[in-house]
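Each of the next two complexes has chain A plus one more chain, namely chain B in the first and chain C in the second.
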Partner chain A sequence: MVELNPKYLEDVPLTSYSDNAITAIKTGTWKYVQPVYEDKLPACSHVCPAGNDISKAMDLIARGDVAAAARLWRAGNPLASTLGRVCPHPCESECNRRQFGGAIAIHMLERFLGDSSLDESFLPEKARPTGKKVAVVGAGPAGISAAYSLALAGHEVEVFDDKAKPGGYLRTGIPDYRLPKEILDRELALVGSLGVRFTCSTHVGKDITLDDLKQRFDAVIVAVGFHRSRPLAVPGEDHPNVYNGVMLLERILAGERPELPSPVAVVGGGNTAIDVARSLLRLGVEPIIVYRRSRLEMPAIPGEVDEAEKEGVPFHFLTAPSQVVVEDGRITALECLKMRLGEPDESGRRRPLPVEGSEFRLPVAGVVTAIGESADLELLPESARDGWRVAADERFATPVDGVFAAGDAAFGDGTVTAAVGGGRRVAAVVDRRLGGRELPAAAPSLQKLWQRPVEAAHPVYVEQLNVAYFTESPRPQIEEMDAQARRSSFDEVVQGFTDEQAVHEARRCLVCGTCNECCNCLFFCPDVAIHKRNGVVGFEIDTEHCKGCGICVEECPRSALTLVEVES
Partner chain B sequence: MAIDTTSYDPRNLHLPDGEILSSGHLACPGCGAALGMRLALKALGPNTMVVIPACCWAVINGPYPFQALSVPVLQVAFETAAISASGIRAALDAQGQKDINVVAWAGDGGTFDIGFQSLSGAVERNDDIIYFCYDNEAYMNTGIQRSSATPYGAWTTTTPVETPKAEPKKNMVEIMVEHRIPYTATASIAFPEDFVRKVEKAKGIPGAKFIHLWISCPAGHKSEERNSVKIARLAVETGVFPLYEVEYGTRYTINHEPAFTDVNAYLELQGRFRHLTEEHVEAMRRNLRWEWERLRAKVEMGRKLSLPPTGVRGAVDEGERTSR
Partner chain C sequence: MRMVVKGNGAVAHAVRLSRAQVVSAYPITPQTSIIEEIATMVAKGQLDARFIKVESEHSALAGCISASSAGARAFTATSAQGLALMHELIHWAAGARLPIVLANVNRAMAPGWSIWTDQNDSLSQRDTGWMQIYCESSQEVVDSVIQAFKVSERVLLPTMVVLDAFFLSHTFEDVEMPEQEVVDSFLPPLELPHKMDLAHPAALGNLVFPDRYMEFRRKMDLAHDLALGVWDEVGREWGQLTGRTYRIVEEYRMDGAELVLVTAATAGSTARPVVDQLREAGVPVGLVRLRVFRPFPASILRSLLGGRAKVLVLDRNCSFGHHGIFHQEVKSALYDLPQAEQPRVCGVIAGLGGRDITPDDLEEMLTGVWKDRITDPVTWWDVLSAQDPAKAALAMS
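Here is the complex of A and B:
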């Protein structure tokens, strides 16, 4: 054993000792940029005309909290079940999952959420009564949506409609095989449960004037939609076997089973044409769709065109009627001209041009016109009209003080979804007005109306994702009734998701732009400066030690973090 | 509702929660070596002693009286990481403390070059240590000088752009494999689960273990700090840095089949490669194919070979395996 000289022991410790309180060194002062958690608008919601908060809802379903997801969805959207069925789902065309197994079936999940929340317990809490009264003219999707948001804001709302029941186009224009009316009725009942009064069979402009409404209410919203079928303007059109498509559909939807000759030419390329054709098929009448442009230019929802085709509806594209041929008092044919496509017109679609000498006769016994609709604006003074539409500005305000407008009659977007979104936005403007505040320069964007803040200036596309973390997962098959069986039934064609299917599908969602606690930031930080927050979703950054390297921002799969400059 | 919510987990990474590295350490922003240490210690746990020779990590750990690791750290001379770890192991064994992980944590300079003989000695004796080489491919702490781990074509202060490094990187893993030690593995900070699994596996194997960890170095690679994990991932996905492990110098396993993304994706994020011409890059591609051919041949060969016989150096009886 070596003896140590005690002299040394006094002066020097045998081992130098370090403790680990190195956290006292505030390395956070080194940085000039800093990561912050910032939820962003995903590509899907960016294009959802109804303004649905898709990513957050998907994350909630994925976690099994369907109720919370449904409440979130219904926060500003009274027609979730309906939209899930009838919306052409532009969201899915933008979905970032497209490249990794196929878009999320968002519309199916919207339908699932809607159908899971058809009772009042899922509605948001109503604000305290404001004592203000709003009249809504038109109980279609825009009117229903506006009424819903305004009622939630505490206003007293009365909705006027000339039809016997509320629903507008949803009731008179969308067949049951796409939208069962029980569903619509239940969603209307939800709106009713908020105290919204529906005054039906009352035609504003005839039974009661706009001035009456202006007297009785603090604000009026005109949301009358498109109802009038435009004429073909060809000889023979006045024959009794030439039917107005909108009215025919309305009769069929009301349960009538009109006796029609067969076959019938259905003229048009929009949703009305497709819906009429598919309904006639179910009544045993043979429809033939005649459209003057090609399939690409059809304004109808492409999926619905596919379904019509599957059910066996024949199409004549690039064909325009020139005369209804009547012999011995009966229609024997529709004389048509072949068309070719020229340069694009104002609508951006290629203009159809007749091919000279190409007349031919399509043997039919009847004709349905479905070449577009226009609004009935008689209730409005001249000053509040702008040609075919209501004159409304970016704030949804008309030139008449206190009168606002939304939906197709004002903007002609042509989808139920856009009408619902417009209803939400006009409600926000009217609410502001009723609160005595200045009107904004433009109505707030739909995301501004969300419950949570999101950065909406830069929607999250695939380029913003870190795709190293995503693997392929296939889009599920959506169950449909057999195409043959459909030809004799008005039952719903598409079957909804089960709970398991919904959760499985929601788990495919990449939750673009919103933190779902994937833990990448937590584990990749070289400075151990990210910590789990107790009891809430998400993490927090220890800014005293974060050096601002930005690895978390780069490795976040979904762009839920942003690097910002540190204010000095 | 019959939804199984318990199985839902949005996590991309499943790693141990414990932290032994603490905030406040002195690594540069975006340092891969700091992240590497953090992950290694998650797997090693608190029952660990760490030997650090001269290298960036000797600085990162902090100035006296601070230190960033909440386990004992011994800082030693540049060339002595392995032998110091061997010494600690011998001392602990003499005290009967067999359940402590003894770890050497050295840079590429301290491993491939100056610490090489000491390392070779330790593994030749099959000393029961885990030797980590965190490889940033140059002597970074002293200002980015070339090491034998610097890859072909790279700029360093001693291989300027006019005459970038002409030689390919030394294959340290194969040198360790040829010592026939029980466990040799490569790892990457971009594949933390693979890394943690390898460290946990190494903990359970008596004898010498060598883990070669590729890390990014924003200062030395002239890369953006935020790209540190991304570049490490591309090193693997381009095939530049294969993830594999070798047991008893014989059995090879490739742990991640790369996407074989073109090597440019990896090079273009690093300023140290900015001067390269298409000929250089083509030469790299040829070399990559050749290296992969060799690696796959070794995997094949290993399948046909038996493990070394029990009782001979490098081979260990099953019963001797302990778990820490």
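Here is the complex of A and C:
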């Protein structure tokens, strides 16, 4: 038998290996495509009207850095605590976690972040003073948001409001059981700490003119919102027991406990109608909601409608009032017509059409009107009005030079989140103007205002994810006050998350489109061409050795990597 | 412990007793129940191993190669088309000198599609550098898998343990299952000398220029030479522990044999009573069953067959355009004998695609060779032929 290791073979290893060829051969020259880390827009943020950088904040909470997440959130959003409570959270309807146990409770985490950052240490750093001055008309969410971003940009901001306290509809229209006013006050204090001056009880257009403001300030932003209740236009409407919903809410929110007869018909299907009905319930009055279309067409936040139903508010759908019936000086009924739904109207909702001869009487002792609000635009010249709204273009500019507009008065989006987002964007436009630069063709998208270069063109939907890496994990139960107990209390209905709940929930976030350092790419790279450097966030691709096989792209659970062609 | 197990079950138990650490496999009839049993053992905690489900045999062996490179004891099993799909990595495993053990259930290659036994699948991998061992019984399967790990880990070459489809894989037999302590004393944990070492990063299987390649191949060949002795030594050591000694080739009634039947696998079981019967009838027949086929035991065969009058090699395989594969291998070994000692060698190809090789067939073959009725170098046994009117009629029907 031959000896295994004859002399001449001694130096030959058992099998071929190289401890120096790894880097010597530039295998990267073979590729025609290469992976790049892309910060893509998650589906949630794509639809967030306030422009919150959701997935990034979720990732920070999941890693236990709540402070960093809160700072990120407050980078452009002064009303995190408020929005966490009142936002209809369209983000959750788009959340890619939906089919793996239920959407992330983003609104609860926004509230958690907001409530965790109600002091000045969480505010972004202010830019150096610019010496420019901006007047904001209206201290509602759009005005507050614009003032916040402009103050951070170094401008001097004064906010005018006709009410005694700032907050706009947040203070006068959203009941305490949804938004405790101490939360609003603390967020307003944060805005004030940036040097924003609130000049209240001052009605622009009466106490002071727009021209005055134009002279004293370098720019004016009109964000007066919708406060005027539209009338029902039916006989009997002038009876003292027919109430204006907006004003009624304002009185209740100011601490009044008005005595109303019972039952009361609340006419309308928007948030005001729901808020009035739920508030009246808490005052011991029996509300009945009367709405001319069906539940599907209600403009109110669906979750709020659900809550009203849970609390026992009855609904009459496809019902429109035709007369307030007054007998012996007292309201005895609301005469109504049954409606049916026709073709969609300009709002996209199906138009209600009366059913002939369907009159009936709903026995009530009072009526609240909540069929929509409009803006008080008396401060503006005719040229700056466009029917019910402020005439403003895509850059928020009105025909009056130096005057901009945002919020419901200009766009009528009807949500606090849209107002906050609008405030942020108008601030970006005004800031550009104050910097002496031309106005852009359109206001920047909210994601363009983020401090990271997000690829905003392609939101990441579930089709782009490698779902093999995601297992089902249930959405948590959200703690609520017992429906019966709510009838006698304006205390907050929904309870917030504890730290533990928040971290647990944030860990369910798939962090779509953004690298969260899961290391899959690094593990799978057959060329060992992906490296993690200490202290550097994310990974580096060694392009000299990456052959462009694309395995990392395929195995990235969250579509944070993309293959791009190599320029030859 | 005595157990009644199938050949496939015997493989699974041997893998468990050998404490394989990684099993990476893809199912294929008739191998499937091997990996099903192993998966169950892993799931039940009877075998502390990582069972990797893969999408193909190519990946199955790739998984074993990776695991083995990292120093883990790795096992896989396959059959026919699955083995063929592994082919590229079959070479790799041997070239990388990894002591992987693979159980191949001999199954005929398609087309025509067949799930039944013949040896062309494993013999097509003859020149890859793997060791091959052909088993006759479930007992031999158990013992051979355990021995295969030991020999592979000694000489650093992978081993293919081969068993016939159905005749062995799915036939229940009485087996003496060795105790774990016995196997542990026989088979120490794997210490792979060239395992991956994070402290010394290296590219494995890198480019080798013409000035070095042959040396690696020469070392593989030398390892095969060494392995023959190791198989013999390990087979005896196993005999001391269990009372079951294994030889590289098994001989039966070779005293005074003038006609020797050379075959492998389960045909050996069929042959033994036929040999007895013919001996009683005065025909001086002996049997040699090839067990270790690679490394090839040429000198052993020369000493066993030199000076006999006739040798009949029964192949359940064919190298198309030439002879049966065992036949040509045996004949080439005998060429080194002095001419006077060279027996006449006839080959019979039989039992392809799972056709039965019955005792009657064997008796007819051996008698035919003994009485010079069969003199052709190669005979295809029992094939429908125009010269046979009865069979031709059958073919027409």
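Assume the second predicted complex is superposed on the first by the 547 of 568 C-alpha atoms of A that agree within 3 Å, B and C clash if a C-alpha of one lies under 4 Å from a C-alpha of the other, contacts with A are read in each partner's own complex, and residues count from 1 in each chain.
Everything that follows uses one rule, which is that a contact is a pair of C-beta atoms (placed from the backbone, for glycine too) under 8 Å apart; a residue touches a chain by one contact, two chains touch by 3 or more.
As the structure is a prediction and not an experimental result, all values here were calculated from the model.
When the two complexes are overlaid on their common chain A, residue A:548 makes contact with chain B while staying clear of chain C. After overlaying the two complexes on the shared chain, residue contacts for A:376 are found with neither chain B nor chain C. Once the two complexes are overlaid on the shared chain, A:218 sits clear of chain B and of chain C alike.
In the superposition on chain A, A:523 makes contact with chain B only, not with chain C. Which of chain B and chain C touches more residues of chain A: that partner is B.
Using the contact criterion defined above for the overlaid structures, shared-chain residue A:503 touches chain B, although it does not reach chain C. By the document's definition of touching, of the two partners only chain B reaches A:64; chain C does not. When both complexes are aligned on chain A by C-alpha atoms, chain A residues 16-19, 21-22, 25 touch chain B in the first and chain C in the second.
Chain contact summary for the complex, chain C toward chain A: residues 95-97, 156, 193-194, 200-208, 212, 215-216, 218-219, 222-223, 225-226, 228-229. Partner chain A is touched in their complex by these residues of chain B: 1-5, 8, 10-13, 15, 19, 21-32, 34-35, 38-39, 62, 64-70, 73, 192, 218, 224-230, 233. Contacts from chain A toward chain B in the complex involve residues 16-27, 30-31, 59, 62-66, 468-469, 499-500, 503, 507, 511, 516-520, 523-529, 542, 544-545, 547-551, 553-555, 557, 563.
Those residues of chain A that touch chain C in the complex are listed here as 1-6, 9, 12-19, 21-22, 25.
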